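Take this structure, written in structure tokens, and hold onto it; I'll ask about it next.
All chains are identified by letter, namely A, B, C, D and E, in their written order; residue positions are counted from 1 within each chain.
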Amino acid sequence: EEVLLAVASNFLTAAENLAEVFEATSDHSVVVAHGSTGALYAQIVSGAPYDVFLSADAERPRLLAASGLAADVRTYALGRLVLVSKAALDPGAVAEAFAGRRVALADPLVAPYGAAAISAMESLRLDTATFQPLLVTNVGQVATLFVTGNTDFAFLAEAQLPLLGAAEVTALDGRYPAIRQDAALLARSQANPAAAAFWAFLSSEAAAEIIAAKGYDLAE
Amino acid sequence: MTVWPAIWLTLKLAFVTTAILLAVALPLAWWLTTTRSKLRPVVEAITTLPLVLPPTVLGFYLLILMSPTAPFGALWLRVTGDTLTFSFTGLVIASLVYSLPFAVQPLQTAFASVPQPTMDAARTLGATPRDAFLTVALPLARRGFLTAGVLTFAHTVGEFGVVLMVGGNIPGRTRVISIEIFTAVETLDYATAHVLSLGLLAFSFCVLLLVYVFNRRGGVRVA
Amino acid sequence: MTVWPAIWLTLKLAFVTTAILLAVALPLAWWLTTTRSKLRPVVEAITTLPLVLPPTVLGFYLLILMSPTAPFGALWLRVTGDTLTFSFTGLVIASLVYSLPFAVQPLQTAFASVPQPTMDAARTLGATPRDAFLTVALPLARRGFLTAGVLTFAHTVGEFGVVLMVGGNIPGRTRVISIEIFTAVETLDYATAHVLSLGLLAFSFCVLLLVYVFNRRGGVRVA
Amino acid sequence: MPDRLHFRLKLRRGPLFTLEAQESLPMQGVTAIVGPSGSGKTSLLRALAGLDMGVAGERRITFCNKEWDGPGGHVPAHERRIGFVFQDPHLFPHLSVAGNIGYGAKRCEVTSFDAIVEALELGPLLDRGIDGLSGGEARRVALARALASNPAVLFLDEPMTGLDSQRKSEFLPYIARAVSQARVPALYVSHSSDEVVTLADRVLELGQGHVTGWRTPPMRLTAHVVAETGPGVEVRLDGAEDDGPGASIALPLRALPGEAVGIGLPVESVHFSVHHPGAGSAIMVLPVTVTRPAGAEGQAVLDVLGQSVRVPGVMRVPSARTLWMSVLRVLPRPMVVDSTK
Amino acid sequence: MPDRLHFRLKLRRGPLFTLEAQESLPMQGVTAIVGPSGSGKTSLLRALAGLDMGVAGERRITFCNKEWDGPGGHVPAHERRIGFVFQDPHLFPHLSVAGNIGYGAKRCEVTSFDAIVEALELGPLLDRGIDGLSGGEARRVALARALASNPAVLFLDEPMTGLDSQRKSEFLPYIARAVSQARVPALYVSHSSDEVVTLADRVLELGQGHVTGWRTPPMRLTAHVVAETGPGVEVRLDGAEDDGPGASIALPLRALPGEAVGIGLPVESVHFSVHHPGAGSAIMVLPVTVTRPAGAEGQAVLDVLGQSVRVPGVMRVPSARTLWMSVLRVLPRPMVVDSTK
């Protein structure tokens, strides 16, 4: 049997790790689709045949449950937002560093990490008129812009850092509301044994280890 | 990340779409070229519409139309037990709409340049309209047929926006090459992006070069 | 969410691209039609390439090429003080590449169907090659010119994949209609999606209908 | 009752031209259609063939008792079995010369493909494409294509255009033979009086879209082949006496001894005189009795060796009872005598 | 030294045909080019015009001491000032009739646009598009277009195709006048002996891609206009005596009194006889002296009212010292006498 995961971009590498381990320990297989949280949610609402949705927020899984599309919801990780730059950054002088430069972030409308980035900027008292914000659809693209040299600063998930290579990282702990990442077991997949097995695996010790190792906090 | 499922899926989609569209476009283009019906401009406009509309508009409407909650999508779900959105069948339907003008337009242009007197000659020689179509109009329009095939195939291979909206990017099911490259870039998997892009680039170039080398034609000369 | 900046941006992009491309494609298509050079198939293949490549391949290479850290992008940055990616200029460059075949192909087809004897007649009447091109080939190819213009414009309006990759969706700068619709659908803002899609649909349909009603032509008749 | 083609047509073409014609044509032999450029000859043939159906107007056509167009229905063009040679060749560009000729032949019981190819000297061209054919070559292919389609009637719109005189003089008799042997009637549009003299049994004239009447049919005498010579045949005019005038005329024509041959007399090569001109450059000098002088009632009628000949009005026949007719050139035409008669 | 067009050409067209020709043509009056279909007449004209440049081969052309093609360079087609009437009209489909005729005229000092339009009776068609033109109408527009471009030389490839005989007989003199008045020489491809007799000053024959030689020029007598009559003119043959034969011939021609007129004698309408035929249908009966009988050395030469006439080999001139020549039809041609001589 096969389980089809819809994974928010920030969690993609972690999900792939989880899938590997799950496939090794069960006789099920995993297919991973990814996108921004909002895009995946819209797809599910439009009938996309996902089994498990690993969101980057708590809101959308809750909406799914409320509309009966999700059979079960649980928090699987707490995300961490970071700001990366090419040169080292003084957390106190972010506004000066940003002035006139390009700053990439995910579109807050569809990506919770983008929404978190907006909160962080507010808490740093940054005026978006003083620099060039680049809004792209998800944190994966934010990373792309940074790596290809198309932006000087990027708001990313900590889990993405290993992909970037050389980069200066500024932690933003406390400057944004907690990013509670919930998972939803979709109602249409209750009969799918692979989905049920993965749902169980997600709350296992082994899974928690992988998630933590990737740069997430664990709920309580 | 293996790229073969995406390549296979893309080719399958392009082949199925091209085959169906050529079969549909041939009579349609001939009708548009020969009819004296008042409806012609309307049909012509509808046929051309997908060309002018952004893929996202198409994607949006197809998404609405094919969603399991819409009448058509619901009917499909009841009959086949499968949802149309985010499935291969859905992609084929979307591609058919999306690439329709690319099949119809070159054929129509080619048919329009079949000289009327030549068709008249065929008729006086005893050819029925159908016979004259098959033995004169079609052979004379063969370049248009080739162009229609190549364009439809290419356009389907290059389809992105519509697929992204009605297909998502589910590996092995709806993740075609264009989406795969997009995904590879997003996940900073430049190796895959390069392999796919370069491969497609080289492949396309070679195919086109072959087509053009073998398709030498007289053309106009001036100096 | 106001939709006007996106509409305005889209139209501006399409106009600029169409104007530049027609100017470039006209001599290029004529050269391709008349030349006897061995290079013709190669140039032809290169010209057609963007048609066959998924927008994401183009987007990927443009992203790499135009980035400020790449030689071309860096040069641009030094000369103009502006980066190419995520700017209107970058979008224009991407659109030029993306829509090139849509301008060249119809013109080439039209030029190829200009009869050689008619050009010969013009020459014996004292028309220089340039003169004959302007007064005979071009008027005879005017349908092709119109088609090239409409297709280029439409294709640029519908551009999505490339823009998504090299332009992002910066409101007022690079967020064109197709991206706006995509975003609206992703955020389940169906109201905006409907307004934009319906508007575009109605507008396109009317334009096409007008084109086709006024563009009545003889065509072939068989029965 | 002989077969006829009746038509009553009214068709508008453009703001200035209306074809409005009504006539009944015998469907035997060759009916020439003449008239100035733009008088509607091509329009008439196309209308009769059932092409240009889009143009509204009156349209009644009956061919050999079969209604082609009318209240009773409409026979589509491809069922009319018309061997149409258009004013321009309009060959199929995607087919070889042989493919062009065979196009119609394939769609019916094949007639004499090889004979046609030979008569038109198309053998060496058969495998070629039609690109690069010379003007006359293309024209011959178009002719062969129409002839090979086993037509019930031939519509020939200036079919000899661009053919050299040598080929024309070989090919006109060929058409004459085809028409009489296979009993395929023909409508023949031509501006050439030679062609009309050679082929036409009657001449219909058009002017500005209307039938303006029948012209005097071309002058013609009948003769019979007495011997085959190397390059052609020797014929004797019907009514000629042994060793008398017209007893032995050499013609460059393929025919069998005993066959009937029409001897067309081109107006511009017939010299009427009151005295015998003596030895000279004429092919034959024949005694002529004027049966009816030209006058108000119509053209002059002559008796030539017992054959009656009507003289077109343009000729100035001297007013005398007996004349000499010097014929400088004849245009022969084979005639298959109807064996059922 | 008179102006000439020298050429030496070798061009392959297809696997079977090679044009390999070399000749020097006087660039005065009309040079007819005749030959069977496919002999290379069109190919020759196109090569001389500098079209078909892509085909390799030898190419040396000098026109009136100016090198058109050769080691010294290449004059492009549009600078050769050739009024080319192609075998097919090839009109500009996007222009009106007037636009077509004016196309060349706009590119040079305009010559007699109106006169040409009038001569070809194109007035009523001027505002029309070229769609729906009849075969003859299209041909006339093509002719007018070439004539109006103020050419230095005319290349006419069967230009009278599809013209009715009425219009032909009006238009041939028009071309003759244009050629002689404006001193525009012409190369004239034709299969029609009438056209050749009317126009040609000399006749070049092609066969299978080669020049096969010069033919006997058409028989022609000179005359002068003595009076204008209503429909035409009355001319007197040079050398004719008052009230003698040839003193007064009516011709349907526009010309001014005193003008010279060439009287073409079509072979098939000239009757030589030893006796005077008496009153008859001939336009004129002239006494003839045989200066040189036909024989091994060549064609017969006759003396007609003091004018010398060479008789083509095909005619059987009776062997006698003096003959009568009955002329049944003449083809007149205006001749502007060279005033510089």
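Quick note on the criterion: a contact is a pair of C-beta atoms (placed from the backbone, for glycine too) under 8 Å apart; a residue touches a chain by one contact, two chains touch by 3 or more.
Note that this is a predicted model, so its numbers are computed, not measured.
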* Structure fact -> Hopping only between chains that touch, the fewest steps from chain B to chain C number 1
* **Steps needed, at minimum, to go from chain A to chain C via contacts** => 1
* Would you mind checking which chain's C-alpha centre is most distant from the centre of chain B? => E
* How many Å are there between the centre of chain C and the centre of chain E, using C-alpha atoms for each centre? -> 54
* To do: Please report how many Å separate the Cα centroid of chain D from that of chain E, as a whole number.
  => 28
* Please report how many Å separate the Cα centroid of chain A from that of chain E, as a whole number. => 91
* By residue number and range, which residues of chain A touch two or more other chains? -> 141, 144
* Counting only residues that touch at least 2 other chains, which ones in chain D make the list? -> 54, 76, 88
* To do: List, in ascending order, every residue of chain B touching at least 2 other chains.
  => 36, 63, 115, 123, 129, 132, 185, 221, 223
* **Of all residues in chain C, those that touch chain E in their complex** => 36, 115, 117-118, 120-129, 131-132, 135-136, 139-140, 142
* To do: Sort out for me which residues of chain B touch chain C in the complex.
  => 33-34, 36, 40-42, 44-46, 48-49, 51-57, 59-61, 63, 109, 111-116, 119, 123, 129, 132-133, 137, 151, 154-155, 157-161, 164-165, 177-179, 181-182, 185, 193, 196-197, 200-201, 204-205, 207-209, 211-213, 216-223
* Okay, in this complex, where on chain A does chain B touch? -> 4, 9, 12-13, 31-35, 43, 46-49, 138, 140-141, 143-144, 147, 163-164
* **Complex contacts: residues of chain C adjacent to chain A** => 63-64, 67-70, 73, 83, 85-86, 164, 168-171, 183, 185-188
* To do: Using the touch rule from the top, collect the residues of chain E that touch chain C in their complex.
  => 46, 49, 51, 54, 76-84, 86, 88, 90-94, 103-104, 107-108, 145-146, 149, 155
